[in-house]
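Some structures to go through are shown next.
Both complexes shown next keep chain A, but they swap its partner, so chain B is in the first and chain C is in the second.
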Partner chain A sequence: MSIPDFSNQFDSVVDSSLEWLSDHGEFLFNGLNVLLTGTYKSVLWCIAYPPYYVIAIAIALIGWRVVGVRFAILSGLALLFCNVIGLWPETVSTLALVLTATVLALVVAIPLGVLAGLAPSVDRVVDPVLDLIQTLPPYIYLLPAIALLGYGPATALLATFIVAVPPAIRLTSLGIRMTPREFIELGDASGVTGWQMFFKIRLPFAKPSIMAGVNQSLMMAFGMVVIAGIVGSGGLGESIYGAVRTLDIAKSINAAIAIVILTMILDRLAQHAARSRMGESQ
Partner chain B sequence: MTTTDIQFSPGEFLAPGVDWLNANLHGLFKGITQVIEAVLGAVEGVLLAPHPYLFIGIVVVGAFFFANRRVAVFAGLMLAFCLFSGLWVASMQTIALVSVAVLISVAIAFPLGVLAARVKRVDEAFLPILNIMQTVPPWVYLIPAVILFSLGRVPAIIATIVYGIPPMLRLTTLAFKQLPKEFLELGQASGASPKDILFKIELPTAAPTLLVGLNQCILMSLAMVVLAGLVGAGGLGAEVTRGLSRMEMGLGLRAGLAIVAVALLLDRLSRGALQRHSPSSHL
Partner chain C sequence: MTTAKIDNNEVLVDCQSVWKIFGKNAPAAMNAVVQQGLTKTQILQNYGCVVGVSDVSLQVRRGEIFCIMGLSGSGKSTLIRLLNKLITPSSGKVLVKGKDLSSLTSAQLREVRAHHIGMVFQSVALLPNRTVLENTAFGLEVQGVGKAERFKVAEQALAKVGLSDWSSHYPSALSGGMQQRVGLARAITADPEVILMDEPFSALDPLIRRQLQDEFRQLTKELGKSAVFITHDLDEAIRIGDRIAIMKDGVIIQVGTAEEIVLNPADDHVAEFVAGISRLHLVKAQSVMTPVEPYKVANPGCDITRLAKTSLDADINELIELTMKSDRDALAVVDNGTVVGVITLRDLLRGVQGIPNEFAASSAASVLEEST
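So, the complex of A and B:
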């Protein structure tokens, strides 16, 4: 049988091409590594430098503005609880990873989504790629990232970035395409320029959909960051991974509680932010 | 600072309880473990018993009859990829895990979904629970399962079952709520028994939405099973983990592509079934 031959050959081709890539693209990947780690470190510094209660109060205040008083009090208390169970540093670094990855993903995804929404030819290219990215289990993206960037937060960021991009592109292009025809015709008839058409007519209509995309990206990123704990990203994912592997029950329960708290807070915040924007545009 | 001194670990608090559970209900967990291992072993045995070529042939012919020619060719190609990437056994293990988990998920979610569609209060009680379950990252599901069942396939399958329930339950409830009232009234007027109404009117009408739920359930279960490779569930997830931890990128990539092949295979097969049941062919 030629089956083992085939898989051995495949393995050696992959290994040698990865070697070639990391030899010849060394400065590129080093640069990427430095860039990603640097961004992460600076975001982390911003939220890890102030004492824990300042961050908890800040998030509670944001929650108060966006959601309501009850949510604000609950989220503030829940974050203080993260400190009480002794997982504040991990919580903060998870938060920093999620925020960094989501922001990077949005910076790429929203312009691309707008482009795909405006030009059907771009959409035809982007759509199958997104289909493929979304069919693969997210776990897979750690492989190329770890091969090129090694262990550490940069790998986690890259993999999270890949997972967080598709929903934002999809929903942005959907939003842009959904602009009601009459309004476009109205714009044409009143002789607006291309830029005015985009910023004054298309973008406001697309806003709810874009915000929904932001929310989904954020939640996808969160799920991935937790998984990325296995490649040494730090944060709650790593403490869970360690605890599960050593069957440290107490620690894994604590970390799970902290993850659930953080998930609920981020999800509610993002959902309400999306909804309030929707109210504005109507 | 006094506040920083307050330290409380709910885990430390709960750990003795878990130990107690493990010590006193050992028989129960062991029983569950044995049942699941037996079922899994049987399914795996069936999948691995025929020669791979024969198995691919059976799937292709089955897909041809149950779905259409395109799905059949596609399924054949995907399975052939699993075979030629040298991961046939791991692929079959993964498929066995997914199918057992999906079967149990559906067996739990379907009755609950029907109940939620009938009784409004049950629906209202489920909604917040389902919301939380679908927000929490999949990793978290593995923790209680690992705590109670240790490492291996059994915690993986239990976490997968729990993870697969929400989409199926939601779409079952939706399917039964969406039923046109006239059909039910027609059944009642023609004096059909409740059992007849359920099996002859409600189920066929709800089938498309139910199959969407099944498709979702399968894909989510697959993602979870792969992730569970980290806790020793075996299958393709374990191969990816091995590739990651040994830095054997070729193996990792092969296993990753095989996962894609299995995902596409299961997706197309369940969608093929869906298309057969779509309203256009039915009404």
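So, the complex of A and C:
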């Protein structure tokens, strides 16, 4: 068999298996689509329904509690600015997408990370999969995702979910494995059960690392905003993608500013939330 | 120092020819040791295994502080971890209060560790996210004791180590010495009969270390606990231990009281350790005192009842201090209310050199005879 033959055959196998999957898995993928879109829509409704100033004030208040007064004022003003440039609906829908994807990612990643941290056999399976996900360019899995889930927020959510999962798994399992030896000995010598060892000793030591993972997942999700725009996420990503296609520089810069504002606000909030958790130990 | 009367013959921890061999081929290496009697070097060459603890037998009795002294790599840290099965022995038995640890289920083992055998670590291992009080109460928390009850007991333990004022602080606010006190309080809170001390004071500076050594000994005796105390410092072992085991290359070379070891070292290795040890705290009044009659003959004008009084087991250091405070050149040694001997300046000088008085049927001499 010559090389072009082989490659043609491989391509047709991939194509036909994708076809098979979309034919036979229709029920499954439709269900997934409905589930993802539904989750995204309900989150979006929660933050898009109130007027813009309510959300801005709410985030400023959270910022005041978690970070400080200066941050609260700046973040409130920055969010109002998003409205001034006429991008409030887009900002809100991007926020909804990123938050939904990150939360879903954490729900999967943290338990999996804990398992991988405790059981080397799980880690041996998970690790290469994560390597694959992290090295694979997102465009590669966008096409099949569109084929299976269609153009729209479900695909965008899935793509964002996929990049948000690995850092949280990695940092959670690292944190669980990092428990200092003497504390494991302390637990054993005190007669702890397996659960007590996990909750009273391993988890507190893993917390900073897990929180770093949460932050990383959030940042990865923000990094996917524009790519998600290509597959129909709506929001700022789609504004930028549209602006790029029509070479509308002003519009693209406006949307970029809104993304930067959102990213910085959430990054600081997540970082400070993590720090105040650890604050007990300082 | 008065101590409660306890049955000193009850063996709490019984270690019966215990071995620990580390490495992939450990079981095969263990077999080779049993069947062919290979040495440590042969095991390393033939099996690639390291012998951590080699045929160790020891008994820790109730109320006794048992020191295991050895340099790094001598296997002492491995040995102490065999006593609560943090490390499982390759061969031999460890019995705690008569129960063979290897025969216990994991629940029973947890029970033994929680109630009978506590541990204090060199690194202290205080959980940084918990206050001093919460750390102290950790053992009881693990056992499922209610919050109010376990905090009450923990407060009492903290009071015993003099840290009542620090209970709501986090460990990072405490100095090394204070942290080690919390470690001790944590071990006491669970009220075990035996406390395993793994080089607890090694990382502290000398002054704090001495202070803690004294406090530890006093507290352990007051509470009637037994302790196994690991150290690389013979001075520390002598200061704290009722009995001392000297360990080298995984083997216990000699077990005995400080006096026995200093006066009669088992081999050159021990002799080398002992060489630099001051006799000031080891030689007791009864070994150097001049009996009453010869003293009266030599000093007819002296009323011995008016001399400053001391006891049979006062060491040379105390005797020197007493003599310096007194306006006379002699001390009366009193036992059960009667004067049984006199310590003169000559006796003191002899004591510093570690030579017993030729008059006294010194206990040191009799110990020598017994052990040879």
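Just a few scattered comments:
We take it that the second predicted complex is superposed on the first by the 266 of 282 C-alpha atoms of A that agree within 3 Å, B and C clash if a C-alpha of one lies under 4 Å from a C-alpha of the other, contacts with A are read in each partner's own complex, and residues count from 1 in each chain.
Throughout what follows, a contact is a pair of C-beta atoms (placed from the backbone, for glycine too) under 8 Å apart; a residue touches a chain by one contact, two chains touch by 3 or more.
This one's a predicted model, so the numbers in the text were calculated from it and none came from an experiment.
After alignment on the shared chain A, the placement of chain B and chain C results in a side-by-side fit free of clashes. Of the two partner chains, chain B is the only one that A:241 touches; chain C does not reach it. When both complexes are overlaid on chain A, the residue A:196 reaches chain C alone and has no touch with chain B. Touch criterion met: A:204 reaches chain C, while chain B stays clear of it.
Comparing chain B with chain C, more residues of chain A are touched by B.
When the two complexes are overlaid on their common chain A, residue A:182 makes contact with chain C while staying clear of chain B.
Between chain B and chain C in the chain A overlay, the least Cα distance found is 26 Å.
Residues of chain B touching chain A in their complex: 3-4, 6-12, 14-15, 18-19, 83-87, 132, 135-140, 142-144, 146-147, 150-151, 222-223, 226-227, 230-231, 237, 240, 243-244, 247-254, 256, 259-260, 263-264, 267. Taken in their complex, chain A has these residues touching chain B: 3-4, 6-7, 10-15, 18, 53, 83-86, 135-140, 142-143, 146-147, 219, 222-223, 226-227, 229-231, 237, 240-241, 244, 247, 249-257, 259-260, 263-264, 267.
In the complex of the two chains, the chain C residues touching chain A come out as 81, 84, 86, 109-115, 118-119, 121, 123, 125, 127-129, 138-139, 141-143, 170, 172, 190, 196. Of all residues in chain A, those touching chain C in their complex are 180, 182-183, 185-186, 188-193, 196, 200-201, 204, 207, 278, 280-282.
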